[in-house]
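Multiple structures follow.
After this come two complexes, each holding chain A, first together with chain B and then together with chain C.
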Partner chain A sequence: MFDPEKLIRKGRPKGHIKEVLIRSLLAGTTYLIVLIAVLLFTRIIVDGAPAILSPKFPFVDLEFLTAKNETLHVFDDAQGTRHQLAASAYSRYVAEHQGENLYNEQTFSYSGGGIAGPIVGTALLTIGSILLALFFGVSAAIYLAEYAKQSPFIHAVRLAILNLAGIPSIVFGLFGFSVFVLAVPVLTSDPSDRSLLVIPLMIGNYAISFQGWNSSLMAGCATLACMILPVIITASEESLRAVPQGFRDASLAMGGTRWQTIRKCVLPYSLPGILTSSLLAITRVAGETAPIMFTAAVAAKDDLPWEGLSNPFGILSSQVQALPYHIYTLAARIPSSEYTQRAQYGSVLVFLILVATLSIVSMVLRARIRRKLKW
Partner chain B sequence: MQATLDPKPSSPAPSAEVSVAIRDLCFNYGSSQALKDITLDLHKHEVTAFIGPSGCGKSTLLRCINRMNDEIPGTRVTKGSIHIEDINIHDPSVDVVKLRRDVGMVFQKSNPFPKSIYENVAFGLRMRGVKDKQVIDQAVEESLRSAALWDEVKDRLQESALGLSGGQQQRLCIARTIAVKPLVVLMDEPCSALDPIATAKVEELVWQLKNDYTFVIVTHNMQQAARVSDRTAFFYMGELVEYSDTKRIFSNPRVRKTEEYISGRFG
Partner chain C sequence: MPDDANRNVPKSHRFRKQGFSFERLIRYFFASNAGLTIVILVLIIVFLLKEGLGFFPGYRRELETYRIAGLEFVDISRKNLTAHEQLVSLLNRAYYAEINGRSYQQLRRSEEAAALFNAYTDQTGPTKELILNSTQEGQEAQPAMLAVLRENYEKQRAKALANLPATPHLSAKEREEIISALRTRTPQATDDPALVTRLAEELASTQARHAEPLQAFRATIDSFESASADLGSAIMEMTESVTSTKEALQNADILEKDRRTLLAAANNVDDPAEREKLLAEAKAALAEKPDTETPMASLMERKPDCIRLHEELAKSSAAILPQLPKSLAQGEADRLLRTAKKAWPVFLSDLSAAPAKISSWTHTTPVPLSAAVVSFLTGRDWITGGEWQDFYGILPLATGSLMIALVALTIAIPVGIGSAIYVNQFASPREQAIVKPVIEFIQAIPSVVLGFIGILVFGTVLRELSVMDSLQWVPGFPIEERLNIFTAGCLLALMSIPTIFSLAEDALNNVPSAYAEASEALGASGIQTTFRVIIPAAFSGILAAVLLGLGRVIGETMVVLLVAGNRIKIPDFSAGFGVFFQPSHTLTGIIAQELGEVPLGSVHYRALFVVGILLFVVVLGINATAHRFVNRATK
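Showing the complex of A and B:
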């Protein structure tokens, strides 16, 4: 009676073609996305590599990474040789070749020299805003997760924080401009004319003046910090909640105060999660253009932020260049030509490498901490 | 009134001296009443077992004694009092943090911190601000010896406590609790996740330590209550049904409900 031929039916099942179609459609979509990423990276690497690689040891064009940004001068000399010189080298050349005629001279803003200024500026903005956002964000997360009683009000607070995450970055830029650049109070002996309110103090001729921090590193960091606060708060709160309740119970039952419990038995174990959230935030902060456009960034700056300062805190109130803003400037403000490509693609490639390195470092760090803290 | 609960220097107490006195205690989770008029004395140098079916209020009562219920929003004591060494623990002048230093607790699920064995035992002392390494060293060794764990872990004090077996972890939690010399040790089903051999070790430990502490043990396991306790309280639906010597409860209970529970007719 047993006939395998009858039990195991041969041939294509019904709906086979539909299955195959759907499967290939889904696979195709996936690979299309990958293709886009591959094309993007290839283009940037192929065009950007000549700018930052060099045929000689150490195989990296250190000048591009360490030199300041300058205007590029392109010209033919009397012998017909084409020169591409950054502004400072150009003026040296002109001084050495007095009376010589230069032909076909063209200038390209921002395209000469290197990108030390934007790199340093982005690093400072990132570090500053992450520190600020971590301090405020983790404090808020601890309050929400450990202290606050679950009430409709706290629910509303949480919702408000979540909504903050949906605000477009340009709005944060304008907010930062109107608050940090124009309105926050500063202690000064010389209030500005456009100060909103001056409260004279009795000490010396100092006054508290609501005149803002101007466009400065400080204002940029504060704006960026506001932008990433919701991400950090939400993720930190989640990782605080992920710490087993047993740790808190044990510590409290042994006569730990609430703060001791949090500091010794909760915070250390939620650190990997908090780091993850700040990793996401770092890449976002480093990449945003809109919030710093009005608050911190300048297209051209001759000095690095710490140069020419009377005191070390002056760095906080100096303007900076920033990589994303620099890329925007290179792409939108100057005509594209074969001479600007080096700066354009080089900057983008450096930027990508920087962000990727940050991500990888944070991921490795997180994996290591996670391996150490297991329960 | 003293705010702290330091043990009073006294001559060796008779075994019936009251350590914790619970009077007419009513306790609510929100609007539902979890404990109804509980009156109960816990005695020094004795082990008292709380038994009863799930949801009968025995764990709730246990957590009232060190006010761990304060951590749960919406709960409150609606009536009655708990006195430990003649101090009302709900008095506003009592600091709950100090109270818990005198009333230790071991949880159902062993919860050592993901730190070294040494740091786990030293934790309570460190939180109290003890810095002297010698004092801590000594307390760690003493507590681990008391918890019958010293011989098993003395060579790996710096290793993670999470490498210990379940039974060892639970004994470590006991060592951690007694390292700070509390008056009362509360145990919330300490053996429910342990195998019989580890359970026997914990029970033996409780039996050996009872001369120094007042033990309260919540258990689902009636044989355990019979083996380990001097007195047993049977709870049902938030009420204390019967409280007397363990021998008596298990051989000749006065109340029918107790007998039914003990003989396994419900629960």
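Showing the complex of A and C:
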């Protein structure tokens, strides 16, 4: 007799074990990455936490975050007690305990005090470059999304964006160094010898001299802005295009000009998206070291950027410390010892927390925007 | 969208605006901002070329000086001398590796005992000094202070004893013996604990015992080492004369440059008196052409001498080869011996070719510009800031970059693509919600932080793993340097996994769902659908992901600068897999490391820009290929 049961295959299908093996292998690689990431963060948090936590309220070592960066002096006094003092505290100590002998004195560059200078420097660099990049990037994106048609110009722009996005950051460093540090025009009364071109103005003895901005905040911001311009343009164009065509059509139909349409009906709705994706660009800018190594960053600086300036614009042409460059200095230029650990792991943890917060915020915001904006 | 011009509005209509309206202005403003990207790209290319292209003429002139001054002539002999020294050092290393390998147990035991003792002295050293200082003769003893010091000493001792390193080769009893010796050790004690001394003596006697049968080998090495003494002293004498000629030539070059600057300045000055003054100065700066012929003639007189020395060295080296032992018992020592033996014929043929080279060399052969280009692209040395001669050959840097990329991609491709397949095809939505943000977050980690982790954590861990006895079967273990190609490659793999993952996942996502449905309808299992249908369909996208990952790896700077070890040398490929555990330098790292220290406009400075141009071209080439694949995939 015909038995329908026979047609149904029983038990595990052929090759089931192979299938399970492959699947678990793939799952294994995936969770390996997750595991490595978790291990990395745990290690940094465990090692860095003692540097920035304190047993008393508010449980954060504010001094580490707000004190200037100094050299660390380690020594024993005559009683054999070990002291670890930053340079300024050390000179005060020596002044107070005159005539006493200090033993086993050691100094550790960049490891004393806190990291206020690097934090402030990174903030200035980031803000400056993001403002520049947002201004030019969003404008460019508006052209690409709202005005542009197929033309050789647009093709060239798209090609340029694609290529800019792929250039290694160290090449941007070279570019920033040769252009912004050495070649951009400045208005000055005494042009430098290595100026490329001097155009005398007829006002006083001022001249426009193509001699560059030297290593300065300005040069660093400009270099970083060039670097993230493609990211900002791509992200902005995407969010501009996400605004439904109907909005524009409605506005144009009511007699609005193209600019009115963009200003009133497109930009307001795409702005959240633009800002969210620029948060991601911020994390990238804040973390870059290679482009600012020769254009803005300095390993040691006694003053905060705005201290000791004659005019407020002087801040733009002063060098700054930066957190990533500070970490590079701590990791590569000084020997590691138990006394440098606080500075090293502390800086890394603070930096990582900053970057993590930014990227988590941007992830959450992006998810919210996706949920909220359903046209 | 319809343009203004195409609208059907009469010319005279009042809505129709002519000329530059506000709307037009805004449009041009936005267009100019879009054009800014082109301007930046052009600026990058122009300025890289402007700073970089001057390199080749400058380098050509340096190479010309190198030839005219006779340094090149000396280098013919010097190269053979260096090869000889390397062979000697290989043989010596083989000799000591043999002895140490035979007395491995004793060596490790002695080292571990010494490590225990050192850990103790490092911790208590400063306090001990303080106690000794305050109890010295002539100092008044302060009992209260001394008591504090002693208490501190005890504290340090307790701390030291709590953190002693592991000693897998010492028995528990022996370890206990050392520890108890440390526990009762007074600050005044100067001699090492008894067991440490005894183990050191034991090691010395074992080494002496094992050296006994190797005496013949030792004698061979020594006689080989002394064979080059005459050649060495001849080279020393020649070096002195050629360096002074080179200096004279360089000074003349500098004066000539000054003169040109003065002349150019004189041309721009309108005031005749001022111009006369500048011209006079320029005339004064006119350098006498340094005399290169006389020192060269005396150098040429040495030719027969050099040839004779080479022939002698060749003869004695050929005689040494059969005297070497056939093989050695210890693996490492035998490997070194075999490497030396393999290099021997090359060394001999170099030696026999040298006389012909020496006699045919002339300082008048011109140096064409192409020689500078060839020397840059295929040079095996990147030597800068040296007293002898600077060379800018990128091979050591390029090999470093490529090998690190190879390690990184070997790890990142399977892991990145594997996890992309898993997340896209098999993972539940909840798993996706965990894995994707984590990987996105890895992408956000700044590269300098990864480099920091590499230096302080990963490098050390790897080093410790590599000296473990149970892992000695791994090729290349134990590693000598903490920071090497492998460490850098691992960290770069971590950096490029997110890039590869997200692009590959996109590519898998872009495969139309109809493909999978059709496959399943035909009765294919999940794995079959994935591997036979989805992946082939997404293949060019996945390839693009890999290429973009490669672009990222080659262009990455901070990690390799911190972790690759920064030794400018082509890795020693004879070491088998050990080649991946050697330190190296990279194209990106060299720019970051040296640009801050070179004088503006110097040949070295320009060389770094040429390296930048090369990176730019290579990375753009890789990316362009990748985008081709992406376009093919989306079509």
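The rule is simple: the second predicted complex is superposed on the first by the 348 of 375 C-alpha atoms of A that agree within 3 Å, B and C clash if a C-alpha of one lies under 4 Å from a C-alpha of the other, contacts with A are read in each partner's own complex, and residues count from 1 in each chain.
Everything that follows uses one rule, which is that a contact is a pair of C-beta atoms (placed from the backbone, for glycine too) under 8 Å apart; a residue touches a chain by one contact, two chains touch by 3 or more.
It should be emphasised that the depicted structure is a prediction, and the values quoted were computed from it without experimental measurement.
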item	value
Contacts of A:167 with chain B and chain C, given as first, second, both or neither	second
Chain B versus chain C as contact partner of A:293, first or second or both or neither	second
Which of chain B and chain C A:331 touches, first, second, both or neither	second
First, second, both or neither for A:155, with chain B first and chain C second	neither
Partner chain in contact with A:44 - chain B first, chain C second, else both or neither	second
Between chain B and chain C, more extensive residue contact with chain A	C
Which superposed partner A:246 touches (first chain B, second chain C, both, neither)	first
Touched partner set for A:97, first chain B, second chain C, both or neither	neither
Partner chain in contact with A:368 - chain B first, chain C second, else both or neither	neither
Contacts of A:257 with chain B and chain C, given as first, second, both or neither	both
Chain B and chain C footprints on chain A, overlapping residues	149, 257
Chain A contact footprint on chain C (complex, rising order)	1, 3, 22-23, 26-27, 29-31, 33-38, 40-41, 43-44, 47-48, 50-51, 126-127, 129-131, 133-134, 145, 148-149, 152, 414-415, 418-419, 421-423, 426-427, 434-435, 437-442, 444-449, 451-453, 455-457, 494, 497, 501, 525-527, 551, 554-558, 561-562, 588, 591-592, 595-596, 600, 608-609, 612, 615-616, 619-620, 622-623, 627
Chain A contact footprint on chain B (complex, rising order)	66, 68, 71, 73, 97-102, 104-105, 107, 109, 111-114, 123-124, 127-128, 162, 173, 176-177, 180
Chain B-facing residues of chain A, complex	149-150, 244, 246-257, 260, 264-265, 269, 373-375
Interface residues, chain A side, partner chain C - complex	13, 15, 18-19, 22-23, 25-27, 29-34, 36-37, 40, 43-44, 76, 78-82, 103-104, 136, 139-140, 142-144, 146-149, 153-154, 156-157, 160-164, 166-175, 177-179, 182-183, 194, 226, 229-230, 233, 257-259, 280, 283, 286-290, 293-294, 324-325, 327-328, 330-332, 336, 344, 348, 351-352, 355-356, 358-360, 363
